[in-house]
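Structures are listed in the sections that come next.
Next, two complexes with chain A in common: one pairs it with chain B, the other with chain C.
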Partner chain A sequence: MAKTSDRSKYLISPALLIASFIVVAYGYFALTSFFPKGPPGTQFVGTPTLDNYWRVLGSGSNQAVLFSTLGASFLISLITIAVAVPMAMVIVRAKREWVGNLIMLAIAVTFLSGGVTRAYSWLILLGNRGLINLGLTNSGIVDAPIRFLYNWSGVGISITHYLLPFAVFTLIGAVRNLNPSVEEAARSLGASRTTTFWRITMPMLLPGLMVTLVLVYSIALASFLFPMLLGGGKVRMIANQIYDRMFVEYDIPYAAATAVVFLVSAFASIWLISFVAKKIEKAVS
Partner chain B sequence: METLKSSTLQLRQLTKKYNNFEAVRDLDLNVPSGSLLTLLGPSGCGKSTVLRMIAGFLNVTSGEILVDGKDISRVEPNFRDIGMVFQNYALFPHMTVESNVAFGLKMRGVAKHEQAERVRDALAMVQMTHLADRYPSQLSGGQQQRVALARAVVIKPKLLLLDEPLGALDRHLREGLQSELRDLQRQLGITSILVTHDQDEALYLSDYIAVMNGGCIEQLDTPIALYDRPQTEFVARFLGVPNIFASTVVASSSSEVTVSLGGQNIIVPTDTGKTVGSSCKISVRPSHIEVARSEDPRQGVTAVIKSAHELGERIVYHCEVADLKIEANAPRISSSERFAVGQSVKLVLDPAHTVLLRD
Partner chain C sequence: MFRRDLEGRFGITVSLLAAVATVFLLLPVLFVVLHSFSPTRYFQWPPQGFSLEWHLNFYSSSMFMDAAKNSFLMALIVTPLSLVIGIPASYALVRSSFKGKAVIQQIILSPLIIPGVVTGVSLLSLLSAAGMNIGLFGLCLGMLVFALPFAIRALSANLLGLDPRIEEAARNLGAGPFRTFFAIVLPQLKSGILAASVFVFVEALDNFSIAVFLSNDSTKVLPVAAYQYIKDFDDPTVAAMATALIVMSIILVAFLEKVMGFQKSLRL
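This part shows the complex of A and B:
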């Protein structure tokens, strides 16, 4: 036994090496946040201070970006799951196999196409003179084009689209693990399709839903590209703020403090979600 | 629980097609009220398809499903009033035993106090009262299936459908639950359909057995009649009859035909007769063949013993005449007669249990 544990030490060493690099890099970045900004070309100077944190936490606009990032990510995650559940169900259970395959293919294609391509596609679709608005105005459904771009709706749509493959792929496993007989049993005992879905299928899917929620929420939190391109500077999420502070203002300590605050609140909110999820699962079972 | 008002079930030309494949073809079946009928057959014979159509989980392509004379083939499963027990138990994993059993009553809007009472009775019936607060994952397979049974009958359904209910249990448990299931079904008098591929289970539990093959019923009979007199080669083979002989008709009357077996003539009873010279098949169980001395005066087939094995209660003789291999069983305990390998014997086929198989 001693021998095998010795060997496992060697096997894990590459992972440890990489992990230590990351920890050191992050640690150094975090350390930066406790110092004043240095002259151009340096990271930081002077004596330790908490000033950067006061700047992050004290300003109303900073708080607003933080909370809107957390709130919007959560809302977008919920919407994503609401869309992904029926998709996963159809993929797994469609009687005609090609229907499932087609949806699967569509998701895989979007999954594999790059972020910039997708953001650009959404610009074409959602612009004031974009395909959707042209269709709506020409058919007379709306008089003036709906503004999708440079507000949360466009950003939300594109992030949802980005998250969808993650959610669907995760949920396919959960749906596949459902035992159809259990739903049939409910039906034969007198439950309608709707009742069966809400009282039997969803509770059985709940653990899978919670895992998916945490996954897509953490991905949504880190959104950078879509708010930048479709938000046009008007919609700002935290990653954009950090980017600006680093590469526009060159205030690395300020960026680092923002990142640390974000990281802590992200972990806290994910923990909160898992905690509530466990409570709900207990309450339902 | 009191006895239910039993319903009848009739299937009329029931058909299920998938693209070009007919899973069930023009099936007609009458299940008398209060009886247990088994659909027996190998996998892919269409037995589960029939059951799932009765339950309403599969649409019928054509035909009727009559319960008490009313066609339910287009009715949604939740309005059919049918209790179903599945092979994999299919209990609601997020509900206690009690809530599982109460589910059907809740869906029917039964008053709370009556719910509690009926759930208690149903759980008592399957001896699960002490585990009412448990979750399905905390129960053994046998216990889960008892709960599933209680859940199915507590709604007093018109029909009880059992889809290989004992298939997932080990043998010891299966036998115990078999007799319980049978007692419960008799006691409630509930019209039931059982699907299984296990012939012993079918013979033990059923009032009637329908052997299915290729989407059709090959033979519908009582268990004993089916066991003793299988009517087709498929049924005989499925029920494990080793002696199925190809033969030719030598003479025929309205009550019996004479066939040639290993060059010797044998008389087999029949109610139809058969064209002289036509080929036919004969089936007879080894226990219905008596091994006698070669000088025995009765009609029979003279053959040579190729092997003899004493197995528990019986002696298994493998005999041969011409190219014909015949297995015969003799009682080991009540008889001291032994025949040696190489000895010539006369095999006397019991006419009542020798069957001229239908083509």
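This part shows the complex of A and C:
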């Protein structure tokens, strides 16, 4: 055993070297946040200060971006899961196997076709004269085109679309692990399919739903390209603020403080969600 | 395997919802392919014909072709590197226990949970503070840091499913550690290596949030080129690029399906 662990050190050292490089990068960037901005070409100067943090936390508009990022990500994650559950159910339980395979194929192709492709496509689809608005106005559902672009609706739709494959992949495992005989028992005791779904299937699925929620929430928080393209500067999430502070204001310490606040609030909110999820799971079971 | 069909009104509701969701999922992918053949600069419905103008525009644009060259060069450097580094690391993480293993695993996988923008901006900041010209090296390094966790996750999942007793048997029969690895472990890792390669390759090509910080005019990659083009021009050239990427992803899915079944390969 001692011999194996000696060898494993050599095996893992290249990966560890790469990983320590990124840890140094994270650490250095976090350190930057405690200094005043330097003249052009330098990262920071002077003596340590907390000024950048006051700027991030003290301004109302910064707080608004922080809370709308957290809130919108949470809401988008819930919507994504609601869309993903029927898909996962059909993939696992459809009588005809080709139905499940077809949905899986759609997910795989979408997943691998990439973020930029999908962001661009939504940009054209959701425009005032895009396919969606054309369909809605021509069929008489609405009189005037709905504005999807440059507000949260378009950004939300595109992020939901981006998250959907992740959610379905994770939920498939959870649905597959359900023990159908419990549902059968409920049915044979006279419960309707709908009642069985809400009273038996969903509670059994809860741990899987919570894992999925945490996963898609953490991906949603990191959204950058979708608000950048479909938000057109009107909808900003924290990632976009970090980018602007880096490349528009050239204020690296301010960008660094924003990133630190972002990470801390992201981890805190993920922890809170997992904590509440455990409580709910306990209460249900 | 127990299959319970979705029946009755409830089953129909669930199936309908899933169908709507599938249409929602496929809509942007199908639409962008259709739009790439649009005869007009702006979207029109029904389409007034068929044109290859935007495809020609894409393949004759030196900006896009240079970006494609950079993207593929970078992905072709990063993919084998992440395998060469990822395979021994996953082997150590799955097969042996050593001090600090959990911490090391967390550190290696950290770019998975830390937003890409933070990873990109941190790497840019460190590399420029070290006085380094970012260049292709910086771009590949950044992408390797980002892609390595994907490779390690896919490879570890595969390794966890292998029986270590086969390796012990080979060792007991006198094979050295290298021979055991190459003759016993590596052949069984085929599906993990394939899945890892496809994921790393696709992620490296598609990544925007790290690339936007680490690529400059001479190392511009496709997603960054596409973003800049969308900002400046309003025509379907990017749809032609998207079509090329979608065709590539369909070929990759077909390849994965043929070799191992994509249901299995995508369950990571």
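Keep this in mind: the second predicted complex is superposed on the first by the 285 of 285 C-alpha atoms of A that agree within 3 Å, B and C clash if a C-alpha of one lies under 4 Å from a C-alpha of the other, contacts with A are read in each partner's own complex, and residues count from 1 in each chain.
Everything below uses one rule, namely that a contact is a pair of C-beta atoms (placed from the backbone, for glycine too) under 8 Å apart; a residue touches a chain by one contact, two chains touch by 3 or more.
Please read all numbers here as calculations on a predicted model, not as lab measurements.
Shared-chain residue A:Ala94: touches chain C; no touch with chain B. Legend: residue contacts after superposition of the two complexes on their common chain; A:Leu134 is shown touching chain C, with no touch to chain B.
Of the two partner chains placed around the shared chain by superposition, chain C is the only one that A:Leu164 touches, whereas chain B remains out of contact.
Of the two partner chains placed around the shared chain by superposition, chain B and chain C are both touched by A:Ser192.
In the overlay built on the shared chain, the residue A:Val182 is in contact with chain B alone; chain C does not reach it.
In the superposition on chain A, contact is made by A:Tyr243 with chain C only, not with chain B.
If you count the residues of chain A touched by chain B and by chain C, you find the higher number for C.
Of the two partner chains placed by the overlay, only chain C lies in contact with A:Pro86; chain B stays clear of it. Residues 184, 192 of chain A touch chain B in one complex and chain C in the other. Those residues of chain B that touch chain A in the complex are listed here as 55-57, 76-80, 82-84, 86-88, 90-95, 103-104, 107-108, 135, 148, 151-152, 155.
Contacts from chain A toward chain C in the complex involve residues 4-5, 7-12, 14-16, 18-26, 28-29, 32, 43, 83-84, 86-87, 89-90, 93-95, 101-118, 120-125, 127, 129-131, 134, 161, 164-165, 169, 172-173, 180, 183-184, 192-194, 197, 218, 221-222, 224-225, 228-229, 239, 242-243, 246, 252, 255-256, 259, 262-263, 266. Contact residues on chain C toward chain A in their complex (touch as defined above): 2-11, 14-15, 17-18, 21-22, 24-29, 31-32, 35, 42-43, 45, 84-86, 88-89, 91-93, 95-99, 104, 107-108, 110-111, 113-119, 121-126, 128-129, 141, 144-145, 148, 152, 177, 198, 202, 205-206, 208-209, 212-213, 222-223, 226-227, 230, 236, 238-239, 241-242, 245-246, 249-250, 252-253, 256, 262-263, 266-268. Those residues of chain A whose C-beta lies close enough to touch chain B in the complex are 179, 181-182, 184-192, 195, 200, 203-204, 206, 284-285.
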